[in-house]
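First subunit A sits with subunit B, and in the next complex the same chain sits with subunit C.
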Partner chain A sequence: MILDIKNLSVAFGRGALRAVDSVDLQMQGGKIGIVGESGSGKSTLGRAIMRLLPPTARVTADRMAFEGRELLTLPEREMRAMRGNRMALIMQDPRYSLNPVLPIGRQVAETAILHKGLGKAEARDAAAAMLERVRIRDVARVMKAYPHQISGGMGQRVMIAAMLLARPKLVIADEPTSALDVSVRGEVLELLEDLVVADGASLLLISHDIRMVAAFCDRMVIMFKGRVVETLDRLEDAEHPYTRALIAAMPDARHPMHRLRVPDRSTFEEATR
Partner chain B sequence: MTTIPMTPPARKGAFRRFLTDLAREPLGLAGAIVVAALVLIALFAPLLAPYPPAEQSLTDALLAPSAAHWLGTDEYGRDILSRLIWGARVTMRTVLSVTAIVGPIGLLIGVTAGFFGGRIDAVLMRATDVVLSFPSLVLALAFAAAMGAGLGTAIIAISLTAWPPIARLARAEALVVRNADYVSAARVYGASKWRLLFLYVTPMCLPSVVVRLTLNMAVITLTAASLGFLGLGAQPPLPEWGAMISAGRKFMLDQWWVALMPGVAILITSLAFNVLGDALRDILDPRHTRD
Partner chain C sequence: MIDIRDFHVRYGENHVVRGINLSVAKGACVGIVGESGCGKSTVLRCLVGLEQGWQGHISIDGKTVGQHRTHDELSRAQMVFQDPFGSLHPRHRIGRALAEPARCMGLPHGRDRVAAALEEVGLPAAFADRFPHELSGGQRQRVAIARALIVEPPVVLLDEPTSALDVSVQAEILNLLSDRRDERELTYVLVSHDLSVVAHMCDRILVMQDGQFVDELTPQDIGAGRATHPYARHLIAASFPDAA
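Presenting the complex of A and B:
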């Protein structure tokens, strides 16, 4: 079992409101998508697994085990050895998630230096090889470039290279394509899939785009107001009104319609209660 | 793959870009030229000064500016131009020493406080507040009086009171930067707190600290001159601009040049630092660019 979560809840500050509420999630491998609207707690869930939430967050769980090790009680030092090495998180916007004052090559090499104990020269070679794997054409030039000098799609591929260099077993991708231009989204997703499959890793894809997740993942978990409302293998099996509303809010090539339906909140808020 | 160090060409390009940026700011360029000239004057004082700075000649006392003594002579017949040139050394030494002490200390304290937050922040910032609440000249005076007057104590005394604004500024910057996505991204790939602090947060705080330090140089020049004026800075016969004004005060009405010339030197120096600091802010901080 890669990931075994039982009854995970996250609350912030003194508030009684739970951002993530009694979530169970088991992952054997493969690709799982977490879908929900803004504020449904999907990103918080991803960060809770990495233990990256700010100190004001109160995280409780009956069990939160990664590869059989309980994460909640793990000392920060061991957690740090795990991050980037066994588990990785790919963030939304490469423009903000790359250090603006470090050249790309140096940044990708960070993981190699931190987790593989490589020297500077070896780490640079490893970084160059990894950049090649994410299909960057002019590796030598990109290595020397600074983040503001490359495009968004390239930036996200650099981010993926940095995060996957140590070949982690669990990759959490938090809206990896939403900051990108539509034309490069598919490309980046495909690349992510190829790398994850090649390394035998598991992927937790967090997104609001239910159709994209349905096409891409083996299983999807629908979240609403911090709770898991439904777990599906196929979009057609959707029963919960919230899931249906999400599906109806996206255009479908097979059933073109003049005007998309805006979700009627009262129906599914009732059903969630 | 060969490993060629890539920083030198990049840095050279950046430096050249910096120069072209500076050339677009006429006022800033003028400030930079004046500061550069002052540094050169300080470095080559023995070659540039027409007379030895402490050479007395009582027959030539209090001469008005002339071809032999461009800026006149003081009450002991010492050439004022030569004393100003040698005085540039004293001023530059003070300014650079104070900056070299204050910059790293303020940066370290501020960035640490801002990045770690919580109790560390509270302790460091209360200490900063305590120092900040002292009037700097008074503290420097007390310190110089207690330790004995001299250039060394003046430098330490000014440094004591000059770091808190830098620390405040660095803290404010660190507070913003520590929440940036790329800092969490670095945490995601397992960077330790110290690595985050020095590799990810501190470099982003540097530009504003550099600007602040440059602007600070003007204040340091004035404080050093004030201490000199009060007799608590560099001691005679060392030519110090503030002390020169103090000595010339007695002859203000009849021999105006004795007090005026060092005053002009102080004015030009602090103005140049101010203008340069302003231009640096415009160049280093894209949010301030004029169109």
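Presenting the complex of A and C:
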């Protein structure tokens, strides 16, 4: 078992409101998607697994084990050795997550120095090889470029290269394609498929786009108000009123209608209780 | 209602819009899809009068407009922007944000008018006393739509009106836009990167690449995945991965 979570809850500060509420999640390889709207707790869940939440967050769980090791009681020093090495987080927008004043090559090489213990020159070679694997054509130029000099799609590939260099066993991708153009999204997903899943690692894809997740992932977990309302293999099997409302609210070019069905929140708020 | 001919925009060396022609009939909704940097938002900004330095011919509601607009020309077309967080003044109450365009155009702008404008977009009149940060993203986008409609323009230009919103809120906003169009016979130009939104709202969809229209589709074409131009086909395939 790569990831075994039982009864995970997150609350912030003194608030009684739980951003993540009694979530169970088991992962054994493959691709799992976490779907929800803003405020559903999907990103908080991803960060809780990485233990990247601010100190005000109160995280409790019966079990939160990664590769058999309990994460909640792990000392920060060991956690730091694990992050970026055994588990990695790919964030939404490369424009904000890359350091704007460092050249791309150095940022990718940093992972190699930190987690693989390579020397500077070796790390540069490893970074160049990795950038080639994420299908960047002009590697020598991109290594010297700064983040603002490359496109969004290329930036996301650089992020993926930096995160996957240490060959993590678990990759959490938080909206990896939302900031990108439609035609580039497919390439980034393909890349994740090739580099993560083909490498035997597991991918936890966090997204608001239920159709994209349905097409890409083996299984999807639908979240609403911090709770998991449903776990599905196929979109057609959706039973929970929230999932159905979410699907019905999306315009579909194949089934045009004059007005969209707006979810009636009271019906599924009742069903979640 | 809208007629654009031989339309070019250049920023220095950079030729952003390369000779487009577009005519939109009254009450129609035309969509423009394309990637970032293809020039789709620039076309809207020129139409509404935010950009100068374009070349070509633009007429709105039968009147040819130039680079610098009179109040009457400006009130013929209004725009709704993508980001409801950025398009409202953070220190102005909603009532002031709504009254200002009406006052500038010499239209009635009292509390009654503001209240009516809010009710038209499905918000309570009491929202006039609130600040933008007290509203959710969907509510703010409703205010942005009310702000555009308050000067009673025949043409509304929509620049990615729902891409910052959740799907359930997006459905509410798209329904609101359809209802107002049916009621007032508004003419829309909708720019978006989301093909399903454009197919849902529009009668005609133009595919833009490198400052030119390369293909014209109907919503049925998008539903069936029919397109002639390779770029349009690529866009459709990328937007509906489950259809393949």
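To be clear about the criterion, the second predicted complex is superposed on the first by the 269 of 273 C-alpha atoms of A that agree within 3 Å, B and C clash if a C-alpha of one lies under 4 Å from a C-alpha of the other, contacts with A are read in each partner's own complex, and residues count from 1 in each chain.
Following the convention adopted for this analysis, a residue touches a chain if its C-beta (ideal position, glycine included) is under 8 Å from a C-beta of that chain, and two chains touch if they have at least 3 such contacts.
None of the values given here were measured: they were computed from a predicted structure.
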After lining up the shared chain so the two structures overlap, which partner does A:Ala88 touch, if you call subunit B first and subunit C second: first, second, both or neither?
first
When the two structures are overlaid on chain A, which partner does A:Leu131 contact: first (subunit B), second (subunit C), both, or neither?
neither
Identify the partner contact of A:Arg261: answer first if only subunit B is touched, second if only subunit C is, both if each is, neither if none is.
second
Between subunit B (first) and subunit C (second), which does A:Leu98 come into contact with in this model arrangement: first, second, both, or neither?
first
Which of subunit B and subunit C A:Glu37 touches, first, second, both or neither
second
Which residues of subunit A touch subunit C in the complex?
37-38, 152, 181-183, 185-186, 189, 208, 210-212, 214-216, 245-246, 249-256, 258-263
Can you name the residues of subunit C that touch subunit A in the complex?
35-36, 137, 166-168, 170-172, 174-175, 178-179, 193-197, 199-201, 219-220, 222-224, 234-235, 237-243
Any idea which subunit B residues touch subunit A in the complex?
1, 3, 6, 10, 180-182, 184-192, 195, 199-200, 203-204
Per the touch rule, the subunit A residues reaching subunit B in their complex are 50, 52, 80-85, 88-89, 91-93, 96-103, 105, 110-111, 114-115, 120-121, 124-125, 128, 143-144, 159, 162-163, 166
